[in-house]
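After the structure tokens below, expect a handful of questions from me.
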Amino acid sequence: MVELVQLLFAGLTTGAVYALVALGFTLIFQASEVVNFAQGEFVMLGGMVTVFAMKAGLPLPLAALLAVLVAVATGLLLHRLAIEPAKGATVVTLIIVTIGASILIRGLAQIVFDKQFHALPAFTGDEPIRLLGAAILPQSLWVLGGAAAIVLGLWLFMERTLLGKAVRATAANRLAAELVGIDTRVVLALAFAVSAAIGAVGGILVTPITLTSYAVGTLLALKGFAAAMLGGIGNPVGAVVGGLLLGLLESFAAGWISSTYKDGVAFLVILLVLFALPQGLLGRRAVERV
Amino acid sequence: MSLLEARGIGIAFGGLRALDGVGFAVDPGEVLAIIGPNGAGKTTLFNVVTGLYRAQSGEVRLEGRDVTGLPPHVLAARGLARTFQNLQIFFRMSALENVMVGRHLKERRRLWAELLGLPSVLAENRASRARALELLAFVGLAERAEEPASALPYGALKRLEIARALACEPKVLMLDEPAAGCNPVETEEIDRLILAIARKGTAVVLVEHDMKLVMRISDRVLVLDQGRPLAEGTPQQVRSDPRVIEAYLGRLGLEAAHAAA
Amino acid sequence: MNRRRLIFGAATASFLLPVAVVAAEPIKIGSFLSVTGPASFLGDPEKRTLELYVEKINAAGGVLGRKIELVIYDDGGDANNARTFATRLVESDKVVAVVGGTTTATTMAAIPVLEDAQIPFISLAGGIEIVEPVKPFTFKTPHTDRMACEKIFEDVKKRGFTKVGMISSTAGFGASMRNQCLKVAPERGIQIVADERYAPGDTDTTPQLNKIKASGAEVIVNADFGQGPAIVTRNVRQLGLDLPLYQSHGVASKSFIDLAGPAAEGVRLPAAAMLVAEQLPDDDPQKKVVLDYKTTYESTQKQPVSTFGGHAYDGLMLLVRAIEKAGSTDGVKIRDALRATKGFVGTGGVVNMSPTDHMGLDLSAFRMLEIRNGNWKLLY
Amino acid sequence: MAPGTRTKLLVLGALGLVLLLVPLLLPSAFHLRVAALVWINAVAALGLALLMGLAGQVSLGHAGFMGIGAYATALGPKHLGLDPLLSMGAGILLAGALAFLVGRPILRLKGHYLAVATLGLGILVHLVLVSEVPTTGGPDGIQVPRLELFGIRLVGPELWYWITGITLLLAAWLALNLEDSSTGRALRALHDSEIAASVVGVDVARAKLVVFVIAAVYAALAGGLFALFNRFVTPDVAGFLRSIELVTMVVIGGMGSILGAVVGAALLTVLPQALTLFHDYEHAVLGLSIILFMVFLRQGIVPGLAALVTRRRPA
């Protein structure tokens, strides 16, 4: 029982980060069908900028705000300077552009920051909380709570605001959205900005637990992508479910099956899920119209 | 025994019955038209018969053999070819290559020979090419053979699909709205093509909205309404069937009368 | 040769090329390092050290009256790149010797190229296979992973424990050390009761540690460098495991203590003397060398010193000494001089090489440290 | 467009010419090594170009097949005492068999789902290579014995330059032939419309499987060549980053263009060597270059330049 709770929280904490990255993927995918492989770099920027801003003397809240702004600016620049000029290119071409962007951002980060690992102090102390015998870090609760708040905020934005509805309309049918007067360019820019912000917040929340360095983005992009596909891309709920599930899979596979092959177990499950449900767990099943 | 026979086809999408107890039969050289208002289930029927959708009830027989639920490529091998209402063109290929793909089943595909580019493969390429050129000439696209399909106008693409389907040398050709979006000249062209195809002994099943075309070339007409068969018979019989007039032709017949006047 | 011809010759030479340059054509030393990628944690300080000390040596007049020209390539941690760069160093840059190879994999990939070209190569990686069996032109400066295992197990036994739970990264360093530890454990009377692993970049190891806890282990040994050990250390404390925790020489940099925070208290590890330079007794032969390097590095680079940079320092100094002793830049002569190294005091220990020992360090080069009050404490 | 016999000869002629010229212009062992790496990468990229460019199916795990080829070549002699060349053949068969076995279920997936499934496949292969240390040597890599043919040791960059170059030429020839065949047309057809291809009789599942197996075989061949040439392999050869690199080669060179795959492989292999000039900035410049190439030549280098030339000179 103790072990179960421990594994559960380990999986959920890791999974929450995957979920946030997957959510970032989903937003940009909805607006453009592009899988943005630079998504992990936003998480990296969130953590690294906060670390260096704090070193420069800023208090945590200000440093975090600055980090989110830097990530959003990076996201907007990525859209304006790389995605927008390649407008009309195939989806695969745009994906390669985002891969190039991720190499570029990482390349700049290693110069602007450094190549060391860095930590942030936990927001509310390091003393583990005992829950049913398991030891939970307070920061894990920050991560879970923060992720939940982001998901809720995003849901409210999508459902309750005009801009959010424009994003959803664009996702449903870009041409139709354009016909009713939605500037899909703005929607896409917005998607990049929001994705970047979500990634950065995730990076800030999780750095006290996981540490950060200029190179953490690649692996997160990979895992986040897998999580988004497991949940069914294009579905924000799917992204969250996929992310949490991937985290849990890794944790329980490490605890119960084999720590060496835990990533293998996770991907094996993803393969099996896709064989059974080719659109992911919650993806839209499209009937091909001819 | 008819060449192609569908009986009691029923299919539902999420509770919505798209087809219910529909059937038809067609013989070599015969032209069967399937008509009905939008949403009557015409294209769905095509998709079931050609293996794209799996029906929940009913059966399809080709030359007396049960072919229900067989995948499209197997049905193609048995002699069933079709075109699409919304074009399905290979846009990355030339017009000629589009038709050459239609020769797929007639080509002997031995991967090793193909990889090595053996003379037999080259000879086969030449043969497919020659046959495709003939077909393009038949549909009036000979001069545009080498153009990329993406450069052809809509009407030409409709005929390109017919040529591609004919390249399979089908026993039954199923045409889904071959004249949709075509101008009167193009429509007449397609009219001529269909009759020529039928004369060679191919059974033709077509879905069409252009009533003039239907009345002119069909041997028999099947009328669907809301997924159910409404009437079947010669163009004359259907035209004078009171149910059809009431449910369907009444409105259209009036329009036709206006157009004729 | 009569005097006139000599003058004529000199005049011609000075016409074609400035005399000074002819006389002091620089000595080219090559390097390939994992400056980026997963091992950048090691490669970065190595690069900084090489650049820093080549500059210092040149400012002091160079070697054999010639300046050193350093050619460094970043292999990104990829063995294939390392081999390509090794070829480039040999073929295009025509270096006389190579100091580099951050990881065992990059080193092993480059060895055949450098051996074929008879270019002396001093590796900065830990793997024992680099010098065992001995290859004619290949040397290394760091202690081997096996020595780290032996040192740790020695201490474990001293404390009266025998049951060890291993937790290691699947990446190069961790995997290599894990293998060595599994190998030497029986010889040292140690029983490995758990053998858990995690992937590089993993951010939570509590599932693995839970299994170790259940295995009845008396101590935990973690083999990895970079981010992993800090996470393992924090997780151990998070779970409240009161088992002694050993880290490896892979964490031998102050940043580990910063990253692991208070959880690092009481962690023990084998490491080179550098981390405890100030605590060394004054009669320790290494004290001066280690203090000098530490102050030089920290004052110029504005970051805490690590033993990894020290490996590069030792490699460069060994090479410079050998070139001076050989009085030549001929590969075979440098190699012979390297092999004859005796009593060289480096940051890693006192080096005594021989034709059968191309590393020249023994277990005494490792010190056992414990982290106390956020700092290293020299135990013995 | 299918290559006619003339285009075919043109492509092969151009490749052959480059093959002859490189050793004359850049004779050093370093340059020949880089060139040989280009040819090896090009073989793998070529297979992927058939899968992606011709059939429109993406694979983010293609390096996994390279890894199988490379490690079979390394492990056969070590553990089974097999001849390296024989082991390489076995590795190619193994990769083909694996592709055949997993191909059907995987290729039912479309687009990004296919991408993540192939990604998982590649990661599983990489994981085995990294983890099974007693067999594979783990992350520190493994030595590959020298290749001997009839008692002659095949060593030296020049020899390997020719072995890899001629292999590439053959691989390109086979690929060009395939493009211009019934199967090739079927693949290009299903790229545009699987439904239309199936109703003219193309067994879409089988056609995809065929090209997937071919692509796997090409990758394994490249991996085997790499192992023999390099005489040392690490699991990096099968890593996720290598897979991404292969895809980038295909896209940057121009999807669906045989020559494009070679140009893409050349660019991404040579660029890092050239970028050492920028020292600390090399990664930033590499990323920037990829973005610029894709923005300005969005169809890829070869088709993009071809379009520029034809626009200048209206036919």
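Every chain is named by a letter (A, B, C and D) in the order it is written, and numbering of its residues begins at 1.
By definition in this document, a residue touches a chain if its C-beta (ideal position, glycine included) is under 8 Å from a C-beta of that chain, and two chains touch if they have at least 3 such contacts.
Being a predicted model, the structure only gives us computed values, none of them experimental.
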Where subunit A and subunit B overlap in contact partners, by chain label: D
From subunit D, the most remote chain by mean C-alpha position: B
Whole-Å gap between the CA centroids of subunit B and subunit D: 41
Inter-chain centre distance, subunit C versus subunit D - centres from mean C-alpha coordinates, in Å: 36
Computed distance of Cα centres, subunit C from subunit B, in Å: 74
Shared-contact residues (touching 2 or more other chains) in subunit B: 52, 84, 88
Residues of subunit D engaged with two or more neighbouring chains: 131, 195, 282-283
For subunit A, residues contacting two or more additional chains: 110, 260, 263, 288, 290
Complex interface listing, subunit C residues touching subunit D: 36, 73-74, 78-81, 83-84, 87-88, 90-92, 103-105, 108-109, 112, 127, 129, 170-172, 175-176, 179, 197
Parts of subunit C lying in touch with subunit A, wherever the complex brings them together: 35-38, 40-41, 43-44, 170, 196-199, 201, 203-204, 206-208, 210-211, 214, 226-227, 230-231, 234, 237-240, 255, 258-259, 261-263, 303
Touching residues on subunit D, where the partner in the complex is subunit B: 1-2, 173-174, 176-178, 180-186, 188-189, 191-193, 195-204, 210, 256
Subunit A partner contacts - residues on subunit D that touch it in the complex: 52, 58, 105-106, 108-110, 112-113, 115-117, 119-121, 123-124, 127-128, 131, 195, 240-241, 244, 247-248, 251-252, 255, 280-291, 294-295, 298-299
Touch list for subunit D against partner subunit C, complex: 28-31, 33-34, 37, 130-131, 133, 138-141, 143, 157, 226, 230-234, 236-237, 272-273, 276, 282-283
